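The first chain written gets the first letter, and so on, giving A, B, C and D; residue counts start at 1 in each chain.
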Amino acid sequence: MTGRGAVMDDEGFVMLGRMMVALEEVEGCPEFAALIPEVRTNLVYARERARSREDVLAVDGRITVVDGRPKAAGRIRFGASSHMARLVIELARFDPSIRAGIDFANTPHMAAWLGEYCRTKGWTLSVIDRRGEPEAVQETEGASMPWKVAEAVRAAGGRTPKIFYETGAVGKEAVSVLVGRDPVEVADQACEIAREYHGRG
Amino acid sequence: MTGRGAVMDDEGFVMLGRMMVALEEVEGCPEFAALIPEVRTNLVYARERARSREDVLAVDGRITVVDGRPKAAGRIRFGASSHMARLVIELARFDPSIRAGIDFANTPHMAAWLGEYCRTKGWTLSVIDRRGEPEAVQETEGASMPWKVAEAVRAAGGRTPKIFYETGAVGKEAVSVLVGRDPVEVADQACEIAREYHGRG
Amino acid sequence: MTGRGAVMDDEGFVMLGRMMVALEEVEGCPEFAALIPEVRTNLVYARERARSREDVLAVDGRITVVDGRPKAAGRIRFGASSHMARLVIELARFDPSIRAGIDFANTPHMAAWLGEYCRTKGWTLSVIDRRGEPEAVQETEGASMPWKVAEAVRAAGGRTPKIFYETGAVGKEAVSVLVGRDPVEVADQACEIAREYHGRG
Amino acid sequence: MTGRGAVMDDEGFVMLGRMMVALEEVEGCPEFAALIPEVRTNLVYARERARSREDVLAVDGRITVVDGRPKAAGRIRFGASSHMARLVIELARFDPSIRAGIDFANTPHMAAWLGEYCRTKGWTLSVIDRRGEPEAVQETEGASMPWKVAEAVRAAGGRTPKIFYETGAVGKEAVSVLVGRDPVEVADQACEIAREYHGRG
């Protein structure tokens, strides 16, 4: 009868700690509430050389808005994300330093503002038009994410983008995803975006 | 310095109590987790002759899936829903006995099964094809819900449907909404659907 | 397969609603955090003619202090309190209008202040010295509460006190209990005490 | 505008991760619920060479019983414990490898069983009779914990005990404290005690 601690390695403990701090950063940023999409936000953190969603920490039940503030629905655990986990795993094939990501809402107005913001930051923003996804890709289980990531890298001229802007599609809400090396870094950057966008002139 | 209790009337207290019991019914039904859409589920309960969202109780942050089970993100409070609140208010213009509703995911497979289930129950199911929404309606703030409800009632031959099936659209997930007189009733019915769908042959 | 709603009567729904509002009153009063004892606070509400703890609503896990503010650990449910439930049931034998109660910390300094506060309010304060409890009473399962309540009523000259001050004993923290007709009333009164005590000259 | 992550060092991240895993171990052990005292349980983890409560991680609001299971009231954070934090800091003066602790209820029956359990484990159990605390110690702010720890080490013949059994006193509940190097270790050991005590012959 051994506890979960028995199978957790040192990398896992540090990752959990960083995720906790990153999550509290997001929860402590009221301006971020305005950027949480209908499908909610997730924050993910992949092990080095992650291969499956079980190698990726995420917020169980995602981050939603309660009482006007961002709030995690459940605990941080490995395996709690599917979509965002696959995105980060796929990206790491192009750039192994990418291990964390956070998604947020994207209205047409926000999209224009974000383009300008990325320019001032020197960040690459890549737009993925989901309506361009070939039917053969859509119909093959698991083929969609590799296609999207390859498309985004191609659209960014071969560089791994800092922010992805996925357009909406039938049944799919438009969202942006910001990626980086570490959940604390991406949480800081996402919260800065939320504050800047909130206080824009 | 008076508390919130000072402004709460007897109708409000009974409504809160009924919502709490209904919410625990949903949280206690693990099969319902499979029916919670990406945009999460809400459960709403409108006062008699409700006019605005402030007259409608809902779950703050909606109901999401945590640890494989339905879980309310926040507390039950008046004003916590916008979309579902307007749906029930609009419906009550056609049938004032409708005061509660709950929404859930709708895959193509579920849609077919649900049609059959409604027939055995003698319930009216009405499909709203959001792609048919006239542009003038889409562009007028607040015009969408009256159009959708009128469309659903028209499609049901003038009767208020028991279940609405909203098709997806660009940026919008397909969802079903079940309505009734009381949140305990709609929670019971939604959980029965979840259990029957889970155990289908 | 019927839900919990099936067995809940109208009295139960109203009681749940009133408890929810009362609990939010307490949670919304930061000054009350300073009055939450080590054993935490409970808020209880008994049905008319309650006979057992199953007839009494209380906060599961009680109310504790999180992030400097009062916070309910779990949900409101029948049967969630033992000690406070029995106190209110026993009191109702003397005065059936007593159906709710809340407990809070009592330091020696608070005790003196509270005596003065009760005088200005015209409330009866009764001190129960637990050290005076006869051994025969202590050793008989379930005999302690009737003894304490009878003692408190006797000490108050036959009247049901508004506030009980239970002194500490070996293994037992000193607490005060404020009682009344309704949880919203007792929450309002307890929060007023917390604010007045916090802002005392 | 830098986030909390900016001031958190690597030791802090690992500590947070270990605490999270340890806490989930406790929450996942239903038998531990029976050992949670009225004053609730805390789980603490001190930095190396900790000097003040701000160097000690603990559960904000402690661990209480909700729905029959152990449940943390709030988040894990530095500074969230006073009593248990000082106990571990004081112990580390005698044995710097002691950095974590958890407390649990102690009935007379449990005390006898625990003595036997410690013998089979080869653990030192030390009883602190709080009634023996000199008045001069009781009245000097902050003097009580050093006295208690020195007393416990003395009673254990100069060795740092594995488990402390603090007897009750006026206003103070009897509790036991189990200490060790790491919160995962102490959580595992406390949960094993809970399971063994639950299933005792």
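What we mean here is this: a residue touches a chain if its C-beta (ideal position, glycine included) is under 8 Å from a C-beta of that chain, and two chains touch if they have at least 3 such contacts.
All values derive from a computational prediction rather than experimental measurement.
The set of chains touching subunit C and also touching subunit D is empty. Comparing mean CA positions across the assembly, the chain most remote from subunit C is A. Separating the CA-averaged centres of subunit A and subunit C is a span of 47 Å. One simple way to say how far apart two chains are is to compare their mean CA positions; for subunit A and subunit B this gives 29 Å.
In this assembly, the C-alpha centroid of subunit B lies 38 Å from the C-alpha centroid of subunit C.
Touching two or more other chains at once are residues 75 of subunit A. The touch graph of these protein chains is a ring, one cycle where each chain has exactly two neighbours. Taken together, the subunit C residues at the contact with subunit B in this complex read 1-6, 8, 10, 12-18, 20-22, 24-25, 28, 75-76, 184, 187-188, 191-192, 195.
If you check the complex, the residues on subunit B that touch subunit A are 38-40, 60-62, 64-67, 71, 73-75, 168-174.
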